[in-house]
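What follows is a pair of complexes built around chain A, which joins chain B in one and chain C in the other.
== the complex of A and B ==
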């Protein structure tokens, strides 16, 4: 039942998105614009600073993720569809998981475009360890989206939700960003220490578990009027 | 206000007035000289900063579980004091660091986690102020996540730093745990309790006033 509800919410979100592609296009364009701004700011004489690519990749993901989160729930706010969703006789945590999976899918899609772009613009050897890079990106995205989905769902009723989302999200996701950037930077080094990458991935996984547990536990009381 | 409030307030005022005398008479630290005196306010402020952050986190968790408005008022008051004492720490800390380490700021574990904790407290207040209806729960959720985050910030910053060691090795600071220090700790803890009580009281009055307005409308 839980999995079915989550799947239905996910399918609904994906169907709406596929029909308009509004969030996918705007998020992607924003992320690319972000990378370009950083390229202009940081690349000197054709060379990016050390570890620059890893940082820029994660900044682009965090910024674009904030935009996508805000937009996804703004859509639910119009015609009060979120309220309808919450009134449905379904597990609240299942609704949360469905929303979360939608956001993660969207962000992973953005990353598929972002990674080659960063590799191309900053001459970063991002594809040296494709498996580990994918693991780091997925774990980091899940951690970021877990907090993001909960906060943006709570902020739907708040007045200044557009500004409050980044205000809440960034201080809380600092460990995710540190771990993600450091793991990616380690992967970019000529002889990457995979043990170190494994440590960061373990930290990210632990964060994912803690955030997800807390979010599932607090989603119900937080979304009740 | 409770009966103990005024006598304690008077005592705190007297103690704070006396503290500069004690600090001035304490031993000079040889390498840092006068700047070291900042320490007598810095360390107590840092401790109170930590205490009030813990109070805010615990009260928020209890508010989420029980929905008791008392816990909510306590969390709100503690969050404000976290911002206040955090500001004292983050201003006096760099003054001290400049003399001890030669730089204003280091991305050291404690500094970074203090800064993040301070930012979460700010975010809490911003949500309370601009969040509109329902922001009390939202803020409590934020405080809960902030509290759960502390060990992770600590671990991640620690590893980030140890992998890229700082250029200047942080010297172990000589800590003179004199009378002056403990006196100042007592001052700050008293001040914290008084301010917390006062802030909770203000929030209680506000709730009462709101209730009166509502009953007038009916």
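== the complex of A and C ==
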């Protein structure tokens, strides 16, 4: 029942998004605009600063992700469908997992556009280790979205939720972003030390497990009342 | 597994929002095969009472029992026995009527969710618009889809908040017929409404609320409008 509920919520979220393209367009537009601004500011005479690409990629992911996270539960609030979801005789954490997977899918879609763009504008060899880059991006995105989805649900009835979400989200996800930036920067080095990348990936996985466990544990009490 | 029960008993229930008291010391009992009307002006606490019965909120004081079960211990299995139609319709405007109903049937673990959705669409008279997005529907049509959404899992306890809003005369009459059918099937129906004319002859008992307090409880109410006026005037003078 848990997996089935999560799947139903994920499929519903993706269907709604495919129809409206609201979150996809805004997230993508914001992420691309962010990368372009950095490119105009930092690339001088066709020469990009060394090690800049990793940081800029993760800043764009974090900012665009915050935008997407803000909308995911806002949509449930507008028609009060959150109440109907909470009335289902299913484990409430399954609803959380469905929403989380939807956000991860959307952010991964954004990253598919962002990575080549950053590689092109900053002349960064991001595709030198495509497997490890994908692992780093997925692990980092899951960690960031795990905390963000929980906070987005928690703030759904707060009046100043748009301000509060980044204020709460960034301090807690700083370890995820640092690990993501360092792992990506290592992959960009001419002789990338894969042992170091594995260390950062292990750290990201550990953070994912801790954040996911805490989120599943706290979602039900946070959503009651 | 969904639990079953033959009555709902509310005992001394109060609900506070910060310092504001939305409900104060409410007690009543609703049995299966009956329709209970929650009547009162805006801000009387009707929607809060429905949210408490739906287990979407916890009482600040008092207890609600569903047969032998308390909300706190029954959890998910109790939620499966409750259907709620709120002031907001709890529908996704981007999805079609069929997709909305199939989604909620699936969430409630209804076997053959697609077939259940198709049957619900026929019941609501919207089978021809089944594949249109809900955003293209009138308020009355949305209300009919929302009612089917609330009933698709055949709940024992049906909670309705102003269900006649936006319905034309024929749709309102159809809804009255549907509620009588639910009563005949043994559902416990709790109906919050301002529409005393439609409530007249439909409800088996009435609970009059004002400012979060229960001012009168009447069985087999007759002359509902006159009773309502008398109860509310008396309260205002008191």
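A few comments on the model shown:
Everything below uses one rule, namely that the second predicted complex is superposed on the first by the 225 of 225 C-alpha atoms of A that agree within 3 Å, B and C clash if a C-alpha of one lies under 4 Å from a C-alpha of the other, contacts with A are read in each partner's own complex, and residues count from 1 in each chain.
The criterion applied here is as follows: contacts are C-beta pairs under 8 Å (C-beta built on N, C-alpha and C of every residue); 3 or more make two chains touch, one makes a residue touch a chain.
Quick caveat: nothing in here was measured; it's all calculated off a predicted structure.
After overlaying the two complexes on the shared chain, residue contacts for A:69 are found with neither chain B nor chain C.
A simple residue count on chain A separates chain B from chain C, and the partner touching more is B. Once the two complexes are overlaid on the shared chain, A:56 sits clear of chain B and of chain C alike. Residue contacts after overlaying the shared chain place A:167 against chain B, while chain C stays out of touching range. Once the two complexes are laid over each other on the shared chain, residue contacts for A:135 go to neither chain B nor chain C. When both complexes are overlaid on chain A, the residue A:157 reaches chain B alone and has no touch with chain C.
Taken together, the two structures place residues 225 of chain A in contact with chain B in one case and with chain C in the other. Residues of chain A touching chain C in their complex: 1, 4-5, 8, 12, 15-16, 19-20, 79-81, 83-92, 224-225. Only residues 64-65, 67, 116, 119-120, 123, 126-127, 130-135, 137-138, 141-142, 144-146, 148-149, 152-153, 155-157, 159-160, 163 of chain B touch chain A when the two sit together in their complex. The residues of chain C lying in touch with chain A in their complex are 2, 54-58, 76-80, 82, 84, 86, 88-95, 99, 103-104, 106-109, 133, 149.
Residues 147, 150-151, 154-155, 157-160, 163-164, 167-168, 171-172, 174-175, 178-179, 182, 196, 199-200, 203, 206-207, 210-211, 214, 218, 221-222, 225 of chain A are the ones touching chain B in the complex.
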